[in-house]
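Have a look at this one.
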Amino acid sequence: MEILLAIVVGTLYASGIYLMMRRNLVQLIIGLGLLSHGANLLIFIAGGLRSNRAPILAEGEKGFSTVMADPLPQALILTSIVISFALTAFALVLFLKTYRIVGTDDVDEMKETDT
Amino acid sequence: MITDILTCIFLLIGALLSLVAAAGVLRMPDLFIRMHAATKVGTVGVSSITIGLMIHFHAITVTSRGLLVIAFFLLTAPVAANMIARAAYRSGVNLWILTRVDEWKAHGEIEEED
Amino acid sequence: MVEFVCTIVTVLLLIAFAASFVRVVIGPSLPDRVIALDMAATIVVAIILTHCVQSGSAYYIPAAISIALLSFVGTVAFALYISKGGPS
Amino acid sequence: MELFIYNVLIAMLWGLLTGNMSVGSLTIGYVLGYISLTLLYPPTGKKLSYFEKSIQLIRFVLYFTKELLVSSWRVARDVVKPLPQMRPGVVGIPIDAKTDLEITMLANIISLTPGTLSLDVSPDRKTLYIHAMYVLNPDDLRKEIKEGLERRLLEVLR
Amino acid sequence: MTLLPSLPIIIPLAGAVLCMLMRRNIAAQRVIALVTSGIILLISLYIMMLTKDGTIAVMNVGDWQAPYGITLVIDMLSSVMLLLVGLLAVGISIYAGAALDTERVKYGFFPLMLILLMGVNGAFVTGDLFNLYVWFEVLLTASFILLALGGERAQLEGSIKYVALNLLSSALFLAGIGILYGMAGTLNMAELAQVVQQGERGGLVTMVAVMFIMAFGIKCGMFPLYFWLPASYPTPPHVVTALFSGLLTKVGVYALIRVFTLIFSTDPEFLHGLILIGAGLTMLSGVLAAASHYEIRKILSVHIVSQIGYILMGLGLFTKLALTGTVVYLMHVIIVKTNLFLIAGIIKRIKGTNDLHRLGGLYKERPGLSILFLISAMSLAGIPPLSGFFAKLTLIIAGLRAESWLIVVVALGVSLLTLYSMTKIWAYAFWKPAPELLPDLDPMPKGQWILLLPVIGYTVIIISIGVFAGPVFDYADLAAEQLMEPQRYMEAVLGGN
Amino acid sequence: MSSIIFRTATRYMFPPLLMFSIYLLLRGHHYPGGGFVGGLLAGAAFALHSFAFGVEAARRALRRDPRSIMAVGLAIALLSGLPGLFFGEAFMAGIWWEIPLRPGVTFDLGTPFIFDIGVYFTVLGVLLTLVFAIGEEE
Amino acid sequence: MLILLSICFVAALFAPLVYRILPKYSGALLMVAPLAMFLWLIKQIPVIRHGHVIKQTVSWVEKLGLELAFCLDGLSLLFALLISGIGILILFYTQGYFKGHPQQGRFLAYIIAFMASMLGVVLADHLLLIFIFWELTSFTSYLLIGFNHEREDARKAALQAMLVTVLGGLFLLAGLILMSNASGTWLLSDLIQRGAELRAHAHYLPILVLVCMGAFTKSAQFPFHFWLPNAMQAPTPASAYLHSATMVKAGIYLLARLHPALGGTEEWTVILTTIGTTTFLVGAIMALGQHVLKRLLAYTTVSALGAMVMLLGIGTEETIKAMMAFILAHAFYKATLFMIAGGITHETSETSVDKLGGLRKAMPYSFVCALLAGWSMAGIIPSFGFVAKETWLHALEHYPVLIVATVMGGAAYVLVGYCTGVKPFIGKRKGGHHLHEVPFSMRIGPAVLGLGCLVLAILSEPIGFGIVEPAVSAITGESHAVHLHLWAGFNKAFYISLGTLGLGIGCCFARRGFLKLGSGLSIFARIGPDAAYRGILAAVLKFAAWQTRVLQTGLLRDYIRVTVLTTVVLVGYAFIRAGGFERWENLMPISPQVAMVAMLMILAAFFTANSKSRLRSILSMGVVGYGMAMLFTFFGAPDLAMTQLVIETLTVSLLAMAFYHLPTFRMGSSLRTRSIDVAISVAVGVTVTLLVLAALHVQTPTPVSDYYLEHSYKEAHGRNVVNVILVDFRALDTLGEITVLAIAALGAYALLKLKPKKKGASE
């Protein structure tokens, strides 16, 4: 199972990188999105898929009796999801603005600052 | 036991309905017809699965929340469908060639609106 | 039994999900893709609910409601986009 | 008055959500609902009358469920068939519904019923355009909706 | 310790929140920013007092004992970095208050700056790997916005590259964290270090370590990962570039130092060798790029890269003396670089441009400014007895002691080219007679003396680092000593078990 | 403009949505949910409002600028870390009070919960800042 | 010592201020600093004479072993006397030379700072301290050479001088550090004791070469001599001081200083003698072809420096004695001639010897001084130049080849002495305008030094044992008796000296020929070291521009490619180095749901990446997100599933809202570009997959999480462990997270609302 999921992670990273190398600003954003999906899934898998039971203590119980899913990677991924959402939102506006000011959404044409 | 069987039945019905809806979405000839399949059968499908869920747990908290799920779906689905259909119709999405009547005749008039 | 049926149900739902994904990909118009995605979200809700039954934990129900609501908001946003004449 | 009911409904909804129908819980629900409503409506002197219409409501729900199941079956069958039998069309239906709530409810109910999908309300709010899957005769369809769904719905609402 | 180590995080956040609440009151925002910066400085001084005897200050946030909660750890290196942040914050606040247009302030310059400081401080004090990631994102986000704020074309274009490449780095970082967590079952850096040093997972550890080199390498502007830096740094207002140059890349370097002295110290031959190679190429590539530019801010920006090379050189050599050099270099370069950018800002104000071909005559007209520039520039070039000299000297001694001839040759050569670049600015902007075509835009902009305040202050610091190199080296040496003995860090955090 | 149907539906969905968001916030400590998702849903409610009635109306319904809400949320989150200090514990240490609702039933109010409220408001403010700003774009 | 040195630096620091307040008396006031030093040094002569060494040490940078260690012995005393003594005179001279010049204050500051640095070089006992002052002399000389900064030539010359000397300085630094590493001490006085050890060390040759590089660049040895004539762009006081009397001799000083430690080996002798002799001759020959006063002097300075290195290279007691005498003689006559040359140019605005003449009437004082100095330079009795040359020739008794060289060089000195000391003053007046003598302050220096040439000669004996002897002892490391005589009788040396003079006079008559030769030699300007310097500089700049162009293409794609490829290669290498995989254990069995979701996600990712329609791309990404949510659901993460779905929907909606304002996809890349990108992306994918797989087999039980599961309800009052982690165990993360959210929103808002201003509005 994990092997299959590892391939998924690889695919997400690959697609993300590929999209980032395209010329369009929107593709850049989508690429970043896929990349963050990939990273999240990687944490999820690497953190260990030890159980499918949610780490939530049932009403009335005082302690867990069976193996639960590891809660820490979940918390990490949650944080990471939110952060990448924030960045995606900002990047989106940034790109929107860039398109307005530069007059194109072609990344290849944006090399004024480098030379 | 009986609850289990009922649960299974409702779940399966839901799944099959969703499958049918999906088939509709794939097969139907134009957007509007596809929407009939997508929104309605999907809604009924989810509701059916929710009923299965409520039967399975037969607990008041689960049932109340299940009812809420159904209620939210019944509330949102038609509105969403309406919004999309209206927008699509006005923006000139093609009707199926066999469409019999078009009494609205506002098809593709979006520009006038804005 | 329930667990087994749940697996079957999930697989069926996933097939439906795949079908709606195909519609997302082939379009042809934007509204087509949008309703297909909306339906995909609905199917995800169904899968989550099925998983509730399978795992015996009802924790996922609020998640289902949230998705229903959010996907509604999303669909509306797309509808507005379409009615503003946004290009696909 | 309408708002009051609505508020009570919200309070009950709260109870449902928390799974706790105690007085305290309902009060919290009421207060939350009140806050939400005040956000929506700045206080006005609007006054509405209302009475319980539970019997009509139940009748309506039963009718609607039947319609839902029947037409679901029809659509589902058609989807699976190798050659679909549908005759779609866009039809305008003159409506008696007046208020926003009435129009919306009607449109939604129509949309929920498989085989029909409301598209838009005319600017003069007198006609509801729908897309239907089986339009053998537009006038039959009009009649079916006006006599069936709209009448029963307005009964409940008025 | 229940509060102190967290204050460098709390105070700027509180200041930022206050600024956000006082959105419309620009004057109040300026005051808040300045006061907050002042408090940050005072706190960092106090922390320095506490840690100067070698104490490692540890605080468990929320009273959850390590490794379960997030632990804040301040050793000498962190302490030094915090102090630098404090110094920078005060100067930048003063400068920004006078230099920035009201529009930028209205749209949140000060809260963004304070949040940037929060992120930077957070990165310096945290003892938790994932928390480090969070602070990185905080400061990156703040920097994205500061970079783009204003919305001029160059800014936006630069921002896009900056955003794209830094997010790529974040994805790498995150992947590294995920794998490390899966391997060690903890995120606490001290415990991670313990697990890694038990050494059963050598191969994988090295792989992950390489990922960390890459992730932090992008952030700190290492060769060949630094492209975003020259593309973006010369675009925002000078005060923003000054802030960035002082802090952003340095956080990346700090992270590299922290992680590669504490956690990944098991395979120095390969890993630190890799860093050393990177360091050499970085300093060379950066300085060459600087030699090819004729715009002050571009020269200074690519020079950042070159200086990163020096800082990394100490880490790559991985001896106590080398790390001492690295710490001194950090102290030196943060202040000097910031100061140079601030001076470039003043030049832009006076002359309306930073283009060397269009500038001139400043030496004649502004002897004071000239001297301020010259001191910073020569410090950067390593002319004794200014701050940069001691930093480079230490690294070179360390390199020769380690018999890493090649890196020493590169470091010395780069030093010469740095001198070349600095004298280029000096010759073109200051010595050369002013080209006729450039009118003196604003002979004495009002409030210019306020802009000079931080510059003078930093210049005094630059000279002081040289003159009082003794005490400076005592601190740096202590920092290096702690870095070379990670056992102390682990004991301080985990309580010796 | 949007249709009557959508406007009406929004009017009736708005309060339950807000309520649901608060429900998620309150239950978050024990069940899935929490300040983040709660805040997002509250934001979604206002976003819907802005779709239906325009951004101006949504701003009026919100009463305060979303950026202020955001700042207040951050302030709450930050301040929730301080009570621990008065009890001699560390920054962000959880302090819990048991609030009796009725005899025998208590509600655990703790600083982590207050922190979650801060998250709620921050997220609400953030989402609306974004939605309104993009919505107001020409 | 330290205090006196500090006073000098302080004087430099306050020079502009002093000048601004008291412009007329600034020179005199500031002179107090070097004067104090000079007097103190004079006082020490007897002490040093008796073989004592004065030391002073103040700790500075303990951790680096760097101390402010100073040591005064015979060698440093001689140099320090020269530096402070001539420095005083130069300050007088400056007063007149720069009268009314707006930047005189700055000049004073620079030159006093230089003087202090130079004193530091010769007094320092710590290797690093020497280097510090060494670099300071380079730096101050940069400011001095570039003093006429509005002239491009001056700027270029300043840069050249600094680059060359600093380059040498860096070599020197490396040499010094290696030396310290090899000997285990930083102190010169200790180092000298460990000479044998050092000479036997494996790093001896590198050390020697590095130190020589430092010394040769500073002392303008061939092939680094070119900067010195160019440095004549400096104002004359600076040239007189730096480029004749002091700075250029720093290299000589250093070599002399290190002679006991490094000298006496074959390598030492070969390197120093070869380079020294070459420089001596090259300088002399180049001087012949010059007609500009200062350049004439500059080339002979180069030559003289070569002679000193040559003499030091031979390293016998005699040659060292000769070297010291020559240093003394050279400092006196060369500084005088420079000052006279400056005075002439100051009054006539003329720089070429050939356009000058008949100034004796107008400038009698100058003439006398110049004559004395020129006399000494030509090495004619009675002058100290003669004494030095006698000693020199005597010392070279056993080196006939070098004697020939000396004769040739000496002849050139005669010519230059004539051209600069005599020729401008005799013959017909050239240039009609009204001329007068230089101001008084400009006469003091030449007068003192010019007379000094004579006086020293007369006082040869006491100078010899009082000053030269301790210096020689310091260089050789053992005590010697030095006797200098004005008149040593008609010995071989005298005859050779006489011959030299004759040859020199002959040269004076053949000067026209030499000028032609000089223009012929100007070919060296194109192929010589100067050209090499320019060529190297240009090549470096060209390479720099090329690398910047190649690396900083401006294309984000290129940046990502390089970044990603580097990562892939290095991680892949680490993977191979680690020996690939081990076996996996405890993998979960494949479940059909998960497998399907995985396949769907792969497909969705593919369609996201490969789509001509941006909405298809975006919605496909939504599907990926839904897939993530389903995985989270299947593996027990309800919070994650919920958040993922909500966020995914929001993201897609926000994108849709923004799309309204963005154009549709238009630009595609070429097939080649896409193929490369696909290859790179696949490489990334494979690497990441391998990484995850490699990570799978090392998973450990997670004690941290068990702690959370156990304590979440008991101590943190929460049943939902994930939420408890977020708001309690790791609340700080969440605080950071919402901060990110808040500022991202703030930024987006600002970006949308803030309209860019017109150009140049900010800063």
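Letters A, B, C, D, E, F and G name the chains as they come in the text, with residue numbers starting at 1 for each one.
One rule holds for everything that comes next: a residue touches a chain if its C-beta (ideal position, glycine included) is under 8 Å from a C-beta of that chain, and two chains touch if they have at least 3 such contacts.
Predicted model only: the values in this text are computed from it and were never measured.
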At minimum, the number of touching-chain hops separating chain A from chain F is 1
Shared touching partners of chain A and chain G are C, E, F
Here the gap between chain C and chain F, centre to centre from mean Cα coordinates and rounded to Å, is 26
Dist(centroid_CA(chain B), centroid_CA(chain G)) in Å evaluates to 78
Expressed in whole Å, how far the mean CA point of chain C lies from that of chain E is 47
Averaging C-alpha coordinates per chain, one finds the centres of chain A and chain B separated by a number of Å equal to 30
Multi-chain contacts in chain C, i.e. residues touching at least two other chains, fall at 15, 17-18, 34, 36, 55, 57, 59-60, 62-63, 65-66, 69-73, 76-78, 80, 84
Multi-chain touching residues of chain F, meaning two or more other chains, are 2-3, 5-6, 9, 12, 20, 23, 27, 30-33, 36-37, 40-41, 44, 67, 70-71, 74, 78, 81, 92, 94, 126, 130, 133-134, 137
Multi-chain touching residues of chain B, meaning two or more other chains, are 21, 23, 35, 39, 43, 61, 65, 68, 75-77, 79, 81-83, 85-86, 90
Pairwise, the chains that touch are A-C, A-E, A-F, A-G, B-C, B-D, B-F, C-F, C-G, D-F, E-F, E-G, F-G
Contacts from chain G onto chain F in the complex sit at residues 638-639, 642-643, 646-647, 650, 654, 657-658, 661, 715-720, 723-724, 726-728, 731-732, 734-735, 738-739, 741-742, 744-746, 748-749, 752-753
The chain C residues in contact with chain F across the complex are 59-60, 62-63, 65-66, 69-70, 72-73, 76-77, 80
Listed in rising order, chain C residues that touch chain A in their complex are 55, 57, 59
Chain A contacts chain C in the complex at 52-54, 56
Given the complex, residues on chain B that touch chain F span 75-76, 79, 82-83, 86
